[in-house]
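The next part holds the structures, each set out as structure tokens.
Two complexes, one shared chain (subunit A), two partners (subunit B, subunit C).
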Partner chain A sequence: MEIEVTGAKILFELPFGITITETQVNMWIVMAVIAGLCIWLTHDLKVKPTSKRQIVAEFLVKTAQNFVEGNMGKRFAFFTPYIAALFSLALGCCFVSLLGMYPPTSDLNTTLGWAAITFVLITFYKFKTNGLGGYLKGLTEPIFIMAPMNVIGEFSTPISMAFRMFGNVVSGSIISALVYAALASANSALFGWLPGFLGEWANNYPILQLGLPAVLSLYFDIFSSVLQSFIFCMLTMLYIKSAAEVE
Partner chain B sequence: MLMAGTSLEILSINVWHVLMAIGNLLILVLILKKFLFKPVQNILKQREEEVGKIYSDADEALSKANEDKALYEQKLMDAKSEADSLIKLASEQAKRESGDIVSAARKEAERRLKNADDDIELAKKKAAEDMMDSISDMVIDLAEKVVEKEIDKDSHSALIDDAINRLGDSL
Partner chain C sequence: MERALVLMGCAIGAGLSMIAGIGPGIGEGYAVGKACEAIARQPEQKSSVTTTMLMGCAVAETTGLYGFIMGLLLILLAPGMFLKKL
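Coming up: the complex of A and B.
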């Protein structure tokens, strides 16, 4: 039996070698759902809330604000929409796998892009806080010879972030695929010897695949997704905050 | 290699896809800002303002009520003192008027008493004169009877009056 784990399926080709894959399309679907949800939650807001929708919307905004202000301080309160967008997009992109769609977060390009934004922000705040000279000087500490290591260290932050999330989601997919295949094999081994149409049925309808993959999906698609999205946001906030701190 | 229908390798890096991921995230930031954060924050701000307005209105109403209360108390005090002064004035006036009435009555009584005295005096005088006249007539009658001749009343009246007056003086 052959098990193949591939990346996103290419759906369209555009000029200049640009391709649109499942990653992009699924991400757009997630974005559209989030946007629709926001519009639905915030239409017809009243000063005296009368609908549960408004209470939910206010709760989400307040929670996001408290979360960002609690981790980054009041002066970074303007980061709230970014962190909220990052968290909701990461979570949504993981959750689409529950619907059997390709999760965009299992595409390294996606997580690499998001980590790149974090890296740009970290570097920007380091420049802003210490100046270019201070930043370059910081790379040579504690001694000059350590400079290459420090440069690698700078770049390792976003790369580790990107690979952490990508690896978690993709490993979930791979393990799920392996378990599926293993259960199919076990199914044929157990029931395939049955005579006549029973054996055929057993091969066509692997009943052993019913239970265990659901439990794995619960872990990889829900628990791990929430955890990884949360970690990604948390790391972004803490790195930016520490970059903006005066040493 | 990158054909529609085929799949990417599980670990492949494509600059366009990275850029699209970045762009998608930034677009979602704008969407969240416009459709979730702005409206909700606006409504929260409005609510805050409304609550502030309610508080300030309540404070204003309270201070106005206190002002009004002070004003009414002042007015009440004024009315009371006005009433007091009115009563005082009225009683003073009444006292004065009663004094006037009493004094006028007294004067009137005095005047009437004096008139009565004058009348009595006049009556006395008139009575005395009447008496004198009748006495003089009686005297003339007596004298006529005595001298048997008529005495001219007119020519002798002066003499008679003198006699009577002397008689009156000696009486």
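Coming up: the complex of A and C.
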């Protein structure tokens, strides 16, 4: 049994050495599905909802608004579209693996890109609340010797966010692949020696692979990815909020 | 011989890097235990306690994931990198 652990495969190449990988293509698919879903949910809205579709749409928007306002306060209510988009994109990118496609979140470039947006927002709000001088002064707290540590701390925020999501998704897929391979070899070791067509049948249809991978997929693909998307959005909100607080 | 040494070093290093899993395991277990106590004391706060606990668990998991990524690099990237130099 071969165990294959690969990164994103390169699908085709554009001029100037730009490569289009599975990550981008799968992400475009997810983006198209989310955009289509939004258009379908919000076309011909009425003041008094008559269709179930509009009630679902209103429920989703209300949930997102309450979520953001509860965590960031009324002042940052305009972040609702960004957080909702981030959450739905992260969730869609993780759920793609349920269809057997390559999940874009198991590419470090994707999560690092999202974390970079968060980093830019954090730094922007730090500048906005304290000014440039206040920002630079904040780096030398509590004493100026600690300045290198504080600079590293600034950069470690987005890196740890990116690696958290990437590590969770990749570890899930690697553990699933290992368990799958282990079950196949256990199957052939247990039943492969059976005489005649029985052994051949057991080798061709590994019945031990029936139960456990489904349970693992339930945990890694659904529970873990919902949790990690939620945490990514939560941390984004908390960091931005704490960056905008006046000391 | 050198090839075997390089591969052995990478494999042992990858195994050792997963020692990082101990810390998050203990920490998360502690957090979940405390959350159970909190829910037993105030069952009406169950949802907010659970949310906070999952949040804290995910943050505590980070160091373990760093160890995992080190192991991944040692197994997938390091052998090729070092074997090319030999």
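Rule of thumb we're sticking to: the second predicted complex is superposed on the first by the 245 of 247 C-alpha atoms of A that agree within 3 Å, B and C clash if a C-alpha of one lies under 4 Å from a C-alpha of the other, contacts with A are read in each partner's own complex, and residues count from 1 in each chain.
Everything below uses one rule, namely that contacts are C-beta pairs under 8 Å (C-beta built on N, C-alpha and C of every residue); 3 or more make two chains touch, one makes a residue touch a chain.
Keep in mind it's a predicted model, so treat the numbers as computed, not measured.
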item	value
Simultaneous placement of subunit C and subunit B on subunit A, clash or fit	fit
Which of subunit B and subunit C A:V5 touches, first, second, both or neither	both
A:C233 touches, of subunit B and subunit C: first, second, both or neither?	neither
Touched partner set for A:L41, first subunit B, second subunit C, both or neither	first
Partner chain(s) touched by A:A57 [first = subunit B, second = subunit C, both, neither]	first
Contacts of A:M72 with subunit B and subunit C, given as first, second, both or neither	neither
First, second, both or neither for A:T110, with subunit B first and subunit C second	first
Residues of subunit A touched, compared between subunit B and subunit C (which is higher)	B
First (subunit B), second (subunit C), both or neither touched by A:G167	second
Partner chain(s) touched by A:C94 [first = subunit B, second = subunit C, both, neither]	neither
Smallest distance from any CA atom of subunit C to any CA atom of subunit B, in Å, after fitting	7
Contact residues of subunit A, present in both the subunit B and the subunit C interface	5, 170
List of subunit B residues in touch with subunit A within their complex	2-14, 16-22, 24-29, 31-33, 35-37, 39-44, 46-47, 50
Residues of subunit A that touch subunit C when the two form their complex	5, 160, 163-164, 166-168, 170-171, 174, 227-228, 230-231, 234-235
Of all residues in subunit C, those that touch subunit A in their complex	54-55, 58-59, 61-62, 65-66, 68-69, 72, 76
Touching residues (chain side subunit A, partner subunit B) in the complex	5-13, 17-19, 21, 23-24, 27-28, 31, 34-35, 38-39, 41-42, 45-48, 54, 57-58, 60-61, 80-82, 84-86, 88-89, 104, 107-114, 116-117, 170
